[in-house]
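Structures for review follow.
After this come two complexes, each holding chain A, first together with chain B and then together with chain C.
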Partner chain A sequence: MLNTYLELIRIRFLMMLAYRVNYYSGMIIYSLNIGVYYFLWMAIYGENSTVNGTTAVQMATYVAVAWMSRAFYFNNLDREIAEEIRDGTVAVQLIRPYHYLLVKCFQGLGEGLFRLLLFSVPGLVIVSLVFPIHLPTDAGRWLGFVISLIFAFVINSQINVLTGLMAFFILNNTGLIRAKRVLVDLLSGLIIPIHFFPEWAGRVLSYLPFQGISYVPSTILSRGLPMEELFRYLGIQLLWGILLWIPIQLLWMTARRRLIVQGG
Partner chain B sequence: MFHVKLFFHYFMQYLKIRMAYRSDFLVQLATDLLFQAVNLVFILVVFSHTTELSGWTREEVIFIYGYFLVPFSFFSAFFNLWDFNERYIIKGELDRVLTRPAHSLYQVILETMTPESLTGAVTGFMVMGWAVKEMEVDFSWYDPFLFILFVAGGAAIYAGIYILLTSISLYSDSKTDIQPIMYNVGNYGRYPINVYNRVIQLVLTWVIPFAFVGFYPASFLLDKERWMTFALLTPLVGAVWLMLGVAVWNRGIRNYRGAGN
Partner chain C sequence: MRSIEARGLTKEFKVYQSRSGLTGAFRDLFNRQYRTIRAVNGIDLTIEPGEIVGYIGENGAGKSTTIKMLTGILEPTGGCLRVNGYDPHREREEFVRTIGVVFGQRSQLWWDIAVKESFRLLKKLYRLSGEGYRQHLDRLVEVLEIGPFLDQPVRKLSLGQRMRCELAAALLHQPRLLFLDEPTIGLDVLVKENIRRFLKQVNAEYGTTILLTTHDLSDIEALCSRVVMLDKGNIIYDGDLERLRTQWGDGRRLILELKEEVPSFVLNEKTRGLSVKWEGEGTRYTARLEKGTTVSDVLSRLVPAVAVQELKIEEATTEDIVRRIYREGAAHA
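What follows is the complex of A and B.
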């Protein structure tokens, strides 16, 4: 059974390799985004070396790591699921002997791994040459980062699956998908690290799953956290990873019962 | 006159489509607002940690962003050329357009327009209004006229650049991803340009002139001393880019062979 899913990763990986043009343009777009936020944050720092307990170098590292991580955890599962629901191909998927949502997630993982290996890793090396960023050298922090990055992928995919499944209930959910993307970029700490938000907003965000998508992995690598903090954050991510399965299962069960293929 | 009437007919047709799916329409408005709000939140959060951004106060940066939304809304209402390659070249819709007696680009624009994006301009005015209320700005009698000229220039820059990029599809039917790249470059124009390093400033001014869309004119409206020459160049730069875009388009149309048989 596991072999089936591993094969899915491989196929998606090869598919991405076949459409390399998308990959080059993605690389440029990510560099542009790193650039604009790098310069904006450096302008905010101005003469100060520390703002809000974060040094300029840490901030630059945060921006670079956050965007490079996004290349890994980002996927279009929401759009893919919604499209398959709308054009009815989901009906075919449902009679196949695998778990449809898991298949989707593993395809997303194949895509993420492709971008991680061919984009994030070389990208981070290039960025560290161009911009004054500082990456840690001790293995412990990298290990923590890798684990939290995997959780980030899980949580982000779960939120995407939830958004995509809404297409069973709202026939046209492109608006919802777009809104979700914008909100996730803001609330996950990609654009603004969460501890820069006003206190009340930070407290609200600490009760939401989004922090696990970008803030946690990027913080681990850029600022470094004491061991117990690190475990606490990984625990929060794990908790959300488990909790989010509940609404997905509920939605999935109700959705399958009321599936109407349009024009079918 | 013919073209004006055509616009009116297309517009009525579009309204009918939109009214058939009213909830979609509302969702679209809501997500547009959300998108604009997120950028404002960024500016507000940033200024809770600093009093100035390379010499610009919070209200000034917000004014520049509000101003940017106005030309940008014209661009997003009338230049949705994102899937031009897919829809007009690969599916062959352009052949239909070419058999009709109105300018091809004009038809494509009418067929892909989303006039509801103009609500972005309303948001822009509200944002600018708030910023002006918080500052003391002396507006002259000629500022409204300059404003219209600047907005037209800014929208023309965006239009020219995107028409140019879309025209690439007329020469080669393979897909390019330059448009989304350019879209991200455009985001640089929302903030004061002296935030960036010199190379980027030069590029944004002379190569891909997005600084003329938001920053130069907006800062001139705030303070006549600053960036005056650049701001006054805005309509000219817009005219040059628009003409360039249309010229490349026209040449491309003459060159166009169709993707199928």
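What follows is the complex of A and C.
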């Protein structure tokens, strides 16, 4: 079974290679974002070397790591699933001996790994030469980061799957998908780290799954967390990863029952 | 074990209707109105291993809906269904390993990657391996003549090329039962020929049961010993093609060319009492002979009165027969 899913990852790799141009333009956009947010934050810091207990170097590192992580966890599963529901391809997928949603997630993973290896890793090296960022050297923190990043991928994919599946109920959910994308970038701490939010907002966000997408992994690498807190955050991520399967399964089961196959 | 066993198989669709205007849209939010369409209406269908069955019916008769239930894509609204011994919807993941499916109007190959990559993925998916698989694949590639474009992405293939690849993909795992929904739609005659020959071979060699829907009755003539005809969700005929012909095929046609123009009422007058329908005008007429009327019955009445230049007798084609059944409906079947 694992074999099959590895094969799916490989195939997504091939497809990404076939559409290299998209990938180049994506690289430019990410680089621009890192530059823009870096200079924005440095302007905010101005003369101060520390804001909210975060040093300027930590902030710069946060920006670089957060965007490079996004290149890995980001995918278009929501749009793909919605499209396949709308044009009826999802029906065809049901004659294959696999779990449709799991297959989608592995395709997303293939895409993520592609960008991670061909973009994030070399990109982070280049950024660390251009901007004064500081990446940790101790293996423990990197390990924590990697685990957290995997969870980030899972949670983000789950939210995408949920949004995509909405197409079963609201056939035109492109607006929803767009709104979700903006919301996730904001609430996950990608644009503003969550401890910069007003206290009440931070408290609300701590009860939502979004912080597990960007804030947690980026913080682990840029600022570091005490061991105890690290485990607490990883635990919360894991919990969301499990919890989110419930609405997905429910939605999927209802959807399959009232599946509408357009055409033919 | 039977390949397909359905009792009272039914599928209803709810079609939601939107009210007009803003207030209508608002009311739709809380109380949507819908209409129920019964696409398949309690059909009984039994298919034994090794049969090739043609499933025919007009557009919208419910053929595709039936296939989607039989393949586990749609959940039946009612009735009992076992296919290859499984409940297709409930036991989907195991069940689909035992069937192959081709939808003529929709690709199941991965659009952007080479055909052989798709095959490779399917091989993993169905856990195929070893020498047996290699031989089977080589065989499929050879008979379907798809060797030359295995390296191309599916989106670059012509329809005929793609359809042959789809067939190979549906048969890689040597399923016991093959569903084909309009497999020859839009294909040219040569490709159709190739596909028919191939399907016959598969059926003879592996004993694969085949259920196919088609608009092209020559597919049915070439392949199927048994025909199931669907009309508005009901089976109106289930039996062999021969019986269909003798039961309905008494519609020979007599095509006449007359020496000079004769108004049609004269012809009607002459053949009064015989079951003949006249079509045409002037010097060209077609007589449709029904209920045992013979050509000589008609000619013996006509020849004394009108001068016939040329005549031709045509057997009813399956196409004619089927069209007639559609027109006259289930009442006669």
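Brief remarks follow.
We take it that the second predicted complex is superposed on the first by the 262 of 264 C-alpha atoms of A that agree within 3 Å, B and C clash if a C-alpha of one lies under 4 Å from a C-alpha of the other, contacts with A are read in each partner's own complex, and residues count from 1 in each chain.
Quick note on the criterion: a residue touches a chain if its C-beta (ideal position, glycine included) is under 8 Å from a C-beta of that chain, and two chains touch if they have at least 3 such contacts.
What you are looking at is a predicted structure, and each value in this text was computed from that prediction instead of being measured.
Between chain B and chain C, B contacts the larger number of chain A residues. By the touch criterion defined above, A:I95 reaches chain C but does not reach chain B. By the touch criterion stated above, A:G46 is placed in contact with chain B alone, chain C being left untouched. Touch criterion met: A:S25 reaches chain B, while chain C stays clear of it.
Using the contact criterion defined above for the overlaid structures, shared-chain residue A:G175 touches chain B, although it does not reach chain C. Once the two complexes are overlaid on the shared chain, A:L186 sits against chain B while remaining clear of chain C. Those residues of chain C whose C-beta lies close enough to touch chain A in the complex are 13, 64, 68, 71-75, 92-94, 96-97, 99, 101, 103-108, 110, 112-113, 117, 120-121, 124-126, 153, 181-182.
By the touch rule above, chain A contacts chain C in their complex via residues 3-4, 7-8, 11, 14-15, 18-19, 88-89, 91-92, 94-99, 256-257, 259-261, 263-264. Across the complex, chain B is touched by residues 21-22, 24-26, 28-29, 32-33, 35-36, 39-40, 43-46, 48, 51-52, 172, 175-176, 178-179, 182-183, 185-186, 191-192, 196-198 of chain A. Contacts from chain B toward chain A in the complex involve residues 21, 24, 27-28, 30-31, 34-35, 38, 41-42, 45-46, 48-50, 52-54, 175-178, 180-181, 184-185, 187-188, 191, 195-197, 200.
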